[in-house]
Amino acid sequence: MATFTFRRQLTVEWGHCDPAGIVFNSRFFEMFDVSTWMLFETALGVTAHELAETFDIIGIPLVDARANFLKPAKFGDVVEITSRVTEFRRSSFDVEHRLTVGGELAVDGGETRVWATRDRTNPEKIHAVAIPSDVIARFG
Amino acid sequence: MATFTFRRQLTVEWGHCDPAGIVFNSRFFEMFDVSTWMLFETALGVTAHELAETFDIIGIPLVDARANFLKPAKFGDVVEITSRVTEFRRSSFDVEHRLTVGGELAVDGGETRVWATRDRTNPEKIHAVAIPSDVIARFG
Amino acid sequence: MATFTFRRQLTVEWGHCDPAGIVFNSRFFEMFDVSTWMLFETALGVTAHELAETFDIIGIPLVDARANFLKPAKFGDVVEITSRVTEFRRSSFDVEHRLTVGGELAVDGGETRVWATRDRTNPEKIHAVAIPSDVIARFG
Amino acid sequence: MATFTFRRQLTVEWGHCDPAGIVFNSRFFEMFDVSTWMLFETALGVTAHELAETFDIIGIPLVDARANFLKPAKFGDVVEITSRVTEFRRSSFDVEHRLTVGGELAVDGGETRVWATRDRTNPEKIHAVAIPSDVIARFG
């Protein structure tokens, strides 16, 4: 398990919330996507914008996303999201996102992504390729 | 397994898509949320707006959401979402959402929700209660 | 003023609404964007996807958007949006979007867009070009 | 014109952008809404959550929103939003939002909002009331 973690705080916005006054589920997936980008930027020392060019990939597309909603987050709440890669496989990896409110776990999220390039013979196609060992090494 | 299914088509909007030209992941969770509301409206014969009042619940809050992204959906694609309850338990249930593009499965989504009321002694709290058998019966 | 109008109905979703139980303002701008695409698709007889290729443009980028919120639209409300081009100028045009709830005007929106191509010498730049007279003719 | 301004920076997210790789218009209206809340929180020294209770209002509902898009903001761009009240009238006020990228004005936005309370005799209705002079005084 990678030990490098990325932690950020944000304040729940009015526009994040639904008529029940709590964050609408899709907004957590937006937050997790941002946290993954920031986790990779920080670990690899490149901006999200440079990631593709630096590593000759098209990106790290999402193949699976999931979240378990344990407690609601309300308008004005300060939430903290702690993200890390829990497993690197040959060409895919899992990211865990733990979102807390007042120190208590509110959403337990997860993503599976692949390290992907464009097919040389058919640029319409993308496929997963081996994650460089020095990339993995940066995550501790 | 409940046999009642709800099917709808929609066209992928420009604003649904990210710089890769494909639907951004959080948008699928928005689509699935709408499909669950429509599944219940159709099966129970009430509007989403009347659901809470008719059954003396506060709603059917989401406790778990997940999606497996198999193929991308692009701007202008007509997608079809087929939704059904795959299991009713005492006070919770699972909804399956299968989103296809051109007949091929593109996103395999799932939700777990609860049948919830407000606590009589502490209205700040909500808790899951038994799903009425006649509600379950409507789903075949 | 162009006489061709495009009208569509949609039902306000749970995820469109804020803690006040009404549609959050940014959602109306999403709706208007879709309506403009549909207005052009219908008037010109091409899909939004084909629009750029058919007319050798990069699209119809938005340069100005505005909305006046007269009445709220609530979760479950059926709203009707009526859209039309109110003025074509040399390379830009105005679109009017009138959103009603129960027959009453709720949001009075407007957009100004340009007919744009990529600069031949510098593909990083885009600029507005004259709207073909047969395009304008299709709007009556 | 009020002299109190609120300035914040944010980084454009992948999910903010459309297939053209630039921020989709509705996202700017989300950003401006947040900036208005933060402007009021900072000027009045209350959290957005406490605003309604402290001043016995239901909030500061939006009656008009507009934006002029001068330059695109792209994925990864650091944008700065500077917001201030440009005019207080009896019960309504205008907020100006200037969003810059690399020091250049990219979006020139504006909102008109009202200081609103619930009608005492008909709680379904809300209406604008006079903005207290000490509220206006806080904005310099």
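Labels for the chains are A, B, C and D, by order of writing; each one numbers its residues from 1.
The working rule: a residue touches a chain if its C-beta (ideal position, glycine included) is under 8 Å from a C-beta of that chain, and two chains touch if they have at least 3 such contacts.
Note that the structure is a prediction, hence the values are computed from the model and not measured.
Peer 1: Matching residue numbers in more than half of the contact pairs is the bar here; say which of A-B, B-C or B-D clears it relative to A-C.
Peer 2: B-D
Peer 1: For the two copies chain B and chain C, what rotation in degrees overlays their C-alpha atoms? Round to the nearest 5.
Peer 2: Nearest-5 rotation angle for the superposition: 180 degrees.
Peer 1: Could you state the distance in Å from the CA-based centre of chain A to that of chain D?
Peer 2: 29
Peer 1: CA centre of chain B versus CA centre of chain D: separation in Å?
Peer 2: Chain centres of chain B and chain D, defined by C-alpha means, are spaced 33 Å apart.
Peer 1: Using mean CA coordinates as chain centres, what's the chain C-chain D distance in Å?
Peer 2: 24
Peer 1: Give me the residues of chain D that touch two or more other chains.
Peer 2: Residues 14-15, 20, 24, 26, 30, 33, 75 of chain D each touch two or more of the other chains.
Peer 1: For the protein chains shown, what form does their contact graph take: line, ring, star, complete or other?
Peer 2: complete
Peer 1: State the interface residues of chain D toward chain A in the complex, per the touch definition above.
Peer 2: Touching chain A from chain D are residues 13-15, 30, 33-34, 37, 47-49, 75-76.
Peer 1: Which stretch or stretches of chain B touch chain D in the complex?
Peer 2: 14-15, 17-21, 24, 26, 75
Peer 1: Can you check the complex and tell me which residues of chain A touch chain B?
Peer 2: Touching chain B from chain A are residues 20, 24-27, 29-30, 33, 58-59, 61-70.
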